[in-house]
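We just call them A, B, C, D, E, F and G in the order they show up, numbering each chain from 1.
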Amino acid sequence: AGKDSADLVIAGSTTVQPIVTRAAEVYSKEHPDTSIGVEGGGSGTGIRMVGEGSVAVGASSRELSSEEKRAHPDLTVNTIAIDCIAIVVNPSNNLSNSSLSLAEVRDIFSGKITNYKELGGPDRRIVLVEREDGSGTRSMFESMVMNNTDVSDAALQKPASGAIRFTVSGNENAIGYLGIGYLDGSIKPIAVNGVLPSEESVRAKSYPLSRDLYLITKGKPSGLAGEFIDYLLSDAGQDIVKEEGFIRLE
Amino acid sequence: MLSKNADRLAKIWLWLSALVIILVLLSVLGYVFINGIGAISVSFLLDMPQNNWREGGIYPAIVGSLIVVFVALAFAAPVGVGTAMYLTEFRTEGLVTRIIRTSSDALNAVPSIVFGLFGLSLFVFYLGDYTGGPSLLSAGLTLGFMILPTIIRTSEVAMRNVPYAERMESFGMGASKLQTIRNIVLPGAVPGIATGLILSIGRAVGETAPIIFMVALNPTIPKSLFGSGNTLTTQLYYLSMEGISMKVAFGTALTLMLVILTLNAITRVFKKRLSRNLRRC
Amino acid sequence: MKKLFDQERVVGAALMVFSITALVILLLIMLFILDGGLPLFNKVSVSDFLLGDKWVPAKGLFGASQFIVAALLVTFGAILLSVPLGISCAVFLAEIAPGWAKRIVRPAIELLAGIPSIIYGVFALIIIVSLVRVTFNVATGETILAASIVLAIMILPIIISISQDSIESVPRLYKEGSYALGATDWQTIHRVLVPAAGPGIVAGIILAMGRAIGETMAVVLVIGNVEKMPAGLLDPGETLTSAILLEMGEAVVKSTHYNALFCLGLVPFILVLFMSVLSSRLTTKNKARFA
Amino acid sequence: MDSKNKIEVKDLNLWYADKQALKDNNLHIKERKVTALIGPSGCGKSTFVRCINRMNDLIDGVRITGSILLDNKNIYDKDVDVVALRKRVGMVFQRPNPFPMSIFDNIAYGPRIHGIKDKDSLRKIVEESLVGAALWDEVSDRLGTNALDLSGGQQQRLCIARSLAVKPEVILFDEPCSALDPIATGKIEDLIHELRKKYTIVIVTHNMQQAARVSDFTGFFLLGKLLEFGKTRDIFENPKKKETEDYITGRFG
Amino acid sequence: MDSKNKIEVKDLNLWYADKQALKDNNLHIKERKVTALIGPSGCGKSTFVRCINRMNDLIDGVRITGSILLDNKNIYDKDVDVVALRKRVGMVFQRPNPFPMSIFDNIAYGPRIHGIKDKDSLRKIVEESLVGAALWDEVSDRLGTNALDLSGGQQQRLCIARSLAVKPEVILFDEPCSALDPIATGKIEDLIHELRKKYTIVIVTHNMQQAARVSDFTGFFLLGKLLEFGKTRDIFENPKKKETEDYITGRFG
Amino acid sequence: MPRAKLDFQIDTIKGDILKMTRAVEQQIRDAMKALEHLDSDLARKVIEKDDETNALYGEIKERCIQTIALQQPVAKDLRIISISMDVASNLERIGDYAVDIAKNVDYILRESPHLSEEFNKDVLKLIDGNGSENLMMEMGDVVASMVRDSGPAFIREDARKIEEIMKLEDQVDDLFRRIFRKLEDISRKDIEGVSFALNLILTARYLERAADHSVNITKRTLYAMRGKEEYI
Amino acid sequence: MPRAKLDFQIDTIKGDILKMTRAVEQQIRDAMKALEHLDSDLARKVIEKDDETNALYGEIKERCIQTIALQQPVAKDLRIISISMDVASNLERIGDYAVDIAKNVDYILRESPHLSEEFNKDVLKLIDGNGSENLMMEMGDVVASMVRDSGPAFIREDARKIEEIMKLEDQVDDLFRRIFRKLEDISRKDIEGVSFALNLILTARYLERAADHSVNITKRTLYAMRGKEEYI
């Protein structure tokens, strides 16, 4: 899309989108003659579109699958920020004060544990909230937490991280996962293996669920795409990353 | 006396049912209004979004919606009115009209998401090179397909409402078919056709599902038909899903609803005109 | 004079081309949906698709029965909620309402019909979902019932306006005839008017069902989207249309997942087409009776 | 002038919202006689007969003053049961309007809503009514068919039968033949001639000849006012007022 | 029998799809005379008159054999210009159908579509036609008002005026008074009486008295067949066929 | 039963015509009897009875006009009704002639005392049933029978009766001539008897005219039957 | 111009009645003149003219019935038409009497040669316009004027004329009585003149009846005017 509407169009992951949108906004202010369009669609969409050449830059919150690599061998993956997946519950849920092991998280999401009382909480049914099929966040979660066990099919699926936050903040029984960028006062993260998600714990590698966020180009980034990626990697760009709640690259 | 009581009870129930519906409407309208009125202002309508949608306005979405609706109408209005004219004036009831009318009805019934699938595969994947893939043009045409049956139906009704006898009179005086259409049928049908078009605009403005795969959350002003863009409905969907800013989301919702209310008011005026015209029956 | 004749033919031919458009579009839709969907059955059998209840695209599992059941449950619930209310309101408008009430209720219903489904979705996501959770004390309010309620609100205008039309198209003389025999309002309504308008009302209900099955935006926001066979109206679920909306963005084009999503579209497409044909049959029948 | 007054109308005024449609009307309707009402279009004939069984109650914004006594009881009194009144005062309309049901159900409709459930009684009433409306011979072998399949004249007689089935005392006919062809009209007129032996009949008609043929008394309405009332022969042979004469001789307007 | 034949119908048959609606009809219509067609409902009267200006061409599935000569020229010949034919043979329908325009535009409609643009000529034609239809006096001061505001009888005369405006030779009336009250009907009959001085007139009517009043010749149709045709007096005083007699005396069916 | 009311009216009219026919026939016969017996009382009765006949005529005429105006008959129905009016009118005139005859009885009575024995004998022979050549009574009989048959002939459209009536007309004419001659002879014999003879010739003339009207009725009947006036 | 056709028919009927009135009046006058001058040719003309009168009557009657049947008149319209029929029928009867009078002229001519000089003188005095007491001619004149006025009185609903006609009736009765007396006297003088006198008395009787019918016409006119029969 957008060959004609903007000088540069970036499409893909909804996780990455806030960073890129904000960066584009600032960048265009500095370069009033350029316009950068940002579209969502999810990681898969972004990868596909850049692969097909309909956009110059794709955004992804996961690495390319082998299938995608096969289809588009000439894609370059540029890391622009670090994200980590936080397991979140409603603030009124006292589970937020305890810590879970990865295995416990897995049992919760696979449906083995269905009631908070099994975790020492009150007698309330656990309501699982997960992302939709194809989401980068979901595939990261599944590969890092679930270890080949399926997420319970009783989990509510949400098409965006914001929707997960909205659901969890509105339901004291809910538990879900989302990128650290989406953390705010309406939900609370749970410590995993005793560690809460934060810039420090991620950088210290003590929080187990972190990942990189990428902008993908066809071949080496060049032209406006290259300049924009360079801008993101600059200090000013990394400040935006932090402002949006994600973790700067080293 | 039994029947008297039954009568009274039934009437209470009927009044209640109407009351419930009014309450439902008021709660939907009121909810959107209360939450959205704070966000709305002239600058909200005419500014670009800022700070990652958290601030600023929804100008691109308004422009996008206008373009999409324009494309949809540009396709569907001539085709729809033409079809209606063909059905009423050039064909007597028969296999052909039945087929056309049935396909129009069927088209009207196709679920909106199926239009989305269809638009995606036809305009984005199959004709992507000509339409710019997921562009405003693709979205507009998809909506055009969707509102076509409405336009056919309302125009046909409008033309049929012009009394058959008036046509016969015209023919009886030696007028040709085209003269009759121009002088008798169209003037009589205009208010009805206009009502249908406005209804369809409302439908096109409010639809989300058919264009969701073609219109993304895009904070730029579309520069051409072949470019991507934003519409009020898709923006509302993404904003509320991403939970970026419920304020902007409700502002968008209220804007959308005001548009619909306005269109509704306009049709009301047309309908009055229409009923005035129908006095002849 | 001869020229006039030709002109007429030219215009007629041009309009005929226009009028074929609807048919062409319909055929194209069928073609593209089938083209997108049918390859699925090279990988998955029709019965696995229709009867299976495991939907794990990553593992090549494409059982869609839970979607179908959810869609039917949602529709059923919506009809259950809206039909009594809708017909009552139609009767009210057609027969009972004094002028002022009509002037309020009728535009209200038209507005209700005009409100975009996405707005209903947002409204329901916040209001109805909580309402359901609190009222029924369930773990989550995102249930089939919540979807049914919002759909019920959305299809009410269809039921009301078609029912009202068909009640009003019952000749006024029937009504007067009944009153003149000493019938009460209610006797007249339920013995003469509603039965006479029967086919029209049924047509409206069927049309509304079709609309409910096909609705996407409002449903996806409130139904919870759980790929599990729902056990009742208070369970979350996922309908055919919401599955398409959720997953289409991420599905790789022409992949089996993509094919399967088109197949999910095929189901409501066929159901709704069938219903619309049925409904228009009934409507014409109703009209013919009073012509 | 020997039979008793079935209906006495006194100072009847009627407004549709602001528009006065009936003005200070006084008239007596004799029991078991046919009273015809004539007058130019829009003069209030229909409005007037609809007052007699309070059909005007169904219209918004109608206001009525004065009284109508049915057997010396004012039908506009507060305590009058309108439904019971309409049972006593039946009405047959301009266009035949059978319900879209079987012939049998059409006629059984009235008795049923008035609480008669018993099959045998219903069957008896249906037969009696059809005989009374001179339709029995034509339809007795197909009571189950849809009433809409009957011809116009048969439909009108069906409506009369339907009205007889609730055993009224008065039957109001509002232009009962204007939708019928001359032959069907003749049959209805013959029927009215029979019915007057048992019922008090009021008939609105545009057809002067019809009024003259079927009625014992005739009233001439003009602009909402009963201008002249008297024995039909007197009205048609020797009207008192110039307007009446102009109207019946066709020299009006 | 002294005036010339304006129209000669020969062996006319007509089918609606498979259904034969007219059977072997032969008849002569005299110039400047009024010919009435009577017969029971559905016998094909309307179908017959519609043949005379080929209005049936507009109905699908109509098949016609035989010929209709207008001034000795078969109107069903291939080279006949239907539009020109309809200009010569005008038609007035059962219910008055003025177009929803001003009185003036209604009457100017015909001349305009036949190419007359000049204001003065149009004004002249409108006046002439209204005078011819005996409506001028009633509307000359308000030609700009909407034709729908006229009364039923005036509307019907307007339709006649509209038909006169295209200067026809023959005017076909298909039950022109059945939607009118007796007074308006009287005026139309008077008008037809005037028109016959200049036009050849064919009138379909259900009203026997009307046929007897207005026509010089009468044809009786039964089941699509012209059963009897002759001078009106003869038909009404002394019909040859039993069916005709039964019908006109009202003893039919 | 279409047109029941029209048929009823026509039947009533026909019934009234039969009634009127019988009444008129009786008037003729009674008048002749009064003459025969010079019975002044009977004569007065005949005269008085004419009011009834006239009223019946008025009723028939009124009913016919009402029926035509209200029931809108055409063709044969209309013909029968309008001819009924003619028939009734002819009957009424016959009734008038009966009255004329009856009135003459008084005149004759007034004259008779002044006449000669012989004259009286002659004249009485003419009118007395016992005479061998009682021409006057014969004529009265013939005319009465013509009247008697004319009404039913019309009602039943009886062609045979019509023929009979027409044949009798010649007989009546013949009788009239013979009576006239005879009265001439007689009155020449007795100058006093002139006015007496004058009255008798009037009577004969009245009878002849009554016969004429009976024939008129049959002519109109033929019209009703054939739809055409027969100018014989 | 509503009911133009009905009005046209009524006007035609009225015109025909005037025409018929004039014709009948003329018949009476001509018959009397024929009698006065014993003019057999004129008498024949009167008789021949009756066909015309009868035809006119038929036409009026026919038109009245047609108009009632087709135009459906009521109230005054119907009354006028139905009374027109009566008026025409009365006129027709007056015409008949004129014919009767004319026929008598021949009889009188046939008798006259056989009569005595003196008798002839007496009788001729009765009928000759030159005599001082020409009662017969006077009666003819009065009756003719009654007839002349009756038609217009009906058409114009002229109350004054009606009164006049009614007054004249007494005069006619008186004249008839005087003529009867006179003829008795005369015929006693000449036995041969009996049949002659007989014929003249008939003539007087005919005139009296014609006057009667004129009065009938005025009575019917009163009905048309007041909507009620006046039984005076």
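By definition in this document, a residue touches a chain if its C-beta (ideal position, glycine included) is under 8 Å from a C-beta of that chain, and two chains touch if they have at least 3 such contacts.
Because the structure is a prediction, the values reported are computed rather than measured.
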Joint neighbours of chain F and chain D, given as chain labels: E, G
Centroid comparison with chain G (C-alpha atoms), farthest chain: A
Chain whose mean Cα position lies farthest from chain F: A
Gap in Å, rounded to a whole number, between the CA centres of chain D and chain C: 47
Centroid spacing, where centroids are CA-atom means, of chain D and chain E in whole angstrom: 36
For chain C paired with chain G, centre-to-centre distance based on mean C-alpha positions, whole Å: 95
Centre-of-Cα separation between chain G and chain F, whole angstrom: 22
Interface hub residues of chain G, defined as touching at least two other chains: 2-3, 69, 72-74, 78
Multi-partner residues of chain D (each touching 2 or more other chains): 83, 113, 183, 186, 208-209, 212, 250, 252-253
Two or more partner chains touched - positions in chain A: 41, 158-159, 166
Residue numbers on chain D that touch chain F, as the complex places them: 134, 183, 186-187, 189-190, 193, 209, 212-213
For the chain E and chain F complex, residues of the former touching the latter: 208-209, 212, 236-239, 245, 248-253
In the complex, chain G residues that touch chain E: 1-5, 69-72
Contact set on chain B toward chain E in their complex: 92-94, 163, 165-166, 168-176, 179, 183-184, 187-188, 277, 279-280
Chain B-touching residues of chain C, taken from the complex the two chains share: 4, 7-8, 11-12, 14-16, 18-23, 25-26, 28-29, 32-33, 35-36, 84-85, 88-89, 91-93, 96-97, 101, 104-105, 107-112, 114-123, 125-127, 153, 156, 160, 184-187, 189-190, 207, 210, 213-217, 221, 241, 244-245, 248-249, 253, 261-262, 265, 268-269, 272-273, 275-277, 280
